[in-house]
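The chains carry the letters A, B, C, D, E, F and G, assigned in the order they are written, with residues numbered from 1 in each.
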Amino acid sequence: MKLVPTQDNIILKQVDAEKTTASGIVLPDSAKEKPVMAEVIAVGPGYTAEGKEVKMEVKPGDRVLYTQYAGTKAKLDGVEYIIVSMGDIKAIVEE
Amino acid sequence: MKLVPTQDNIILKQVDAEKTTASGIVLPDSAKEKPVMAEVIAVGPGYTAEGKEVKMEVKPGDRVLYTQYAGTKAKLDGVEYIIVSMGDIKAIVEE
Amino acid sequence: MKLVPTQDNIILKQVDAEKTTASGIVLPDSAKEKPVMAEVIAVGPGYTAEGKEVKMEVKPGDRVLYTQYAGTKAKLDGVEYIIVSMGDIKAIVEE
Amino acid sequence: MKLVPTQDNIILKQVDAEKTTASGIVLPDSAKEKPVMAEVIAVGPGYTAEGKEVKMEVKPGDRVLYTQYAGTKAKLDGVEYIIVSMGDIKAIVEE
Amino acid sequence: MKLVPTQDNIILKQVDAEKTTASGIVLPDSAKEKPVMAEVIAVGPGYTAEGKEVKMEVKPGDRVLYTQYAGTKAKLDGVEYIIVSMGDIKAIVEE
Amino acid sequence: MKLVPTQDNIILKQVDAEKTTASGIVLPDSAKEKPVMAEVIAVGPGYTAEGKEVKMEVKPGDRVLYTQYAGTKAKLDGVEYIIVSMGDIKAIVEE
Amino acid sequence: MKLVPTQDNIILKQVDAEKTTASGIVLPDSAKEKPVMAEVIAVGPGYTAEGKEVKMEVKPGDRVLYTQYAGTKAKLDGVEYIIVSMGDIKAIVEE
């Protein structure tokens, strides 16, 4: 069973905290709108709710920083996913 | 008697809780804007209230995650339906 | 004397409660934004206030579900009408 | 001296209450946004403040229902006028 | 020294109260958004802040009704001017 | 060291109060949104944050009236500058 | 490891206070929306969340003034970055 995102939605899986620290990203608590690191699981076709096209700039496997308060959560087969739209992703984290 | 959605409206029927658990989706209570799983019953032609066209990315029979606080409810012949617009649907759940 | 709607306005006449029950639609009280069933009396030419064109997807005689808190009311020759815009109509109820 | 409306503005003169009753329109007090019947005096060329074009669907002499809380008032030579924009007019009242 | 309006701005000079009464316009105090009569002094080229074009429907010397709470004021060589945008003007007052 | 404005930003330097009085502009304290006179120092290329083009209607050296509560301030080499966007400028003051 | 900005996002690194003072920029505390000086680290391709294109007017190495309350923060390998969008940058500081 899998989630296939619609429109410009992107399915993310939060990267676990230990891994995050190891890779050197520390997200400050004080930031008003904190970006959070996650792995891209699936990417929608790129249409907004108003019918416009958006370039989907990420692909499955990418590590990304996204706006924490954006998105909705769903648990599937015991794994928790976050669904955000393209505009909630701020940067790709490259090794 | 049936509901034929207008514009980019979509008629959904909530999937009952037992079935949901069986298929492995558990929706956390803590999420601020919880997506909810439902079955697509009927799909509108895809126009927004402002006259734009929206690609309707779901079809009758699809299982979808949608934003819970979106939509309006109606009971028809004893069955409760939820009417949402395309932008309220976040992902299709494929087996 | 009759009402000829302008723009994307639609003149509705609420279907009386007995009839509604007979046809099997029951509208739950708990819904935050309740759709209400009504009959379409007249349909505007389909322009929005901003000059865009909207496809008018209903015709006189249609039974429709519309968003209850939308619209304005007027009584004409003893009959109460509701004037809504196309975007307030969610579905056509077909027998 | 006369008022020549700009943009999509329309000059209205409220139809007096006796006449209104005679012609069968009664406007309920309970409606949240009450439409009010008025006569069209003059019609602007049909541009919005953002430079879009709007079809002016009424002409001088038309009886119209408009949204009461819209518009601005002006008294000219002892007659009170209401200036609304095209989007505030909901329907034409035809005999 | 003179004011040359930019974009869709219009420089107005309020018509003095005595003159207003003489010409028959009386503006009621009770109106929520009162239009006020003024003389057009200078007219901008007709671009909005978002880069759209707006038809400037008034010319210097025109008497106009504008929305009172719109606009900004400036005193130049002892004369007070009001700067409004095209959308704040509701009608031209013709003799 | 100098400030080169981006998009439709404009760098202004407030005209000192003595000079202002001398040239005859007095800005009333009671105005809700007071325009303020300033000298244009530098002008951006004319793109809005949404990617639209805006005609930059002012040039360095122009005296302009701008909306006081708009803009951000920066001090550079002891001189205080105000950065506004094109839409915050209401008029050019010509001698 | 590095941050590759998406859409019209820009990765900034705040210029340290000593350096700022040396180069002559002093940012007043009283300003309601203070611009802050930073160095551009990386620049996104220039698409907005709505799918429009924005000209990215800055390049890595540029010193820029940006709106302080905009943006999100992230710490990577011990360095704190700020991610803003093109519209949050007001000017380039040239030597």
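Basically, contacts are C-beta pairs under 8 Å (C-beta built on N, C-alpha and C of every residue); 3 or more make two chains touch, one makes a residue touch a chain.
Small disclaimer: the values here were computed from a predicted structure and weren't measured.
Trainee: Just to be sure I understand the contacts, which chains border both chain F and chain B?
Mentor: Intersection of chain B and chain F contact lists gives nothing.
Trainee: Whole-Å distance, chain E centre to chain F centre, using C-alpha means?
Mentor: 22
Trainee: For chain B versus chain D, what separation do you get between their C-alpha means, in angstrom?
Mentor: Averaging C-alpha atoms per chain gives centres 41 Å apart.
Trainee: Residues of chain C that touch two or more other chains: which are they?
Mentor: 48, 50
Trainee: What pattern do the touching chains form: line, ring, star, complete or other?
Mentor: If you draw each chain as a dot and join those that touch, you get a single closed ring.
Trainee: Would you mind giving the ring's chain order, read from chain B onward, with chain C coming straight after?
Mentor: Sequence of chains in the ring starting at chain B, next chain C: B, C, D, E, F, G, A.
Trainee: Looking at the complex, which residues from chain G come into contact with chain A?
Mentor: Per the touch definition, chain G meets chain A at residues 1-7, 9, 11, 42, 45, 47-51, 69, 72-78, 80, 83.
Trainee: Mind pulling up the chain E residues that touch chain D in the complex?
Mentor: Of all residues in chain E, those touching chain D are 23-28, 31-35, 48, 50, 52-55, 57-58, 64-65, 67, 85-87, 89-95.
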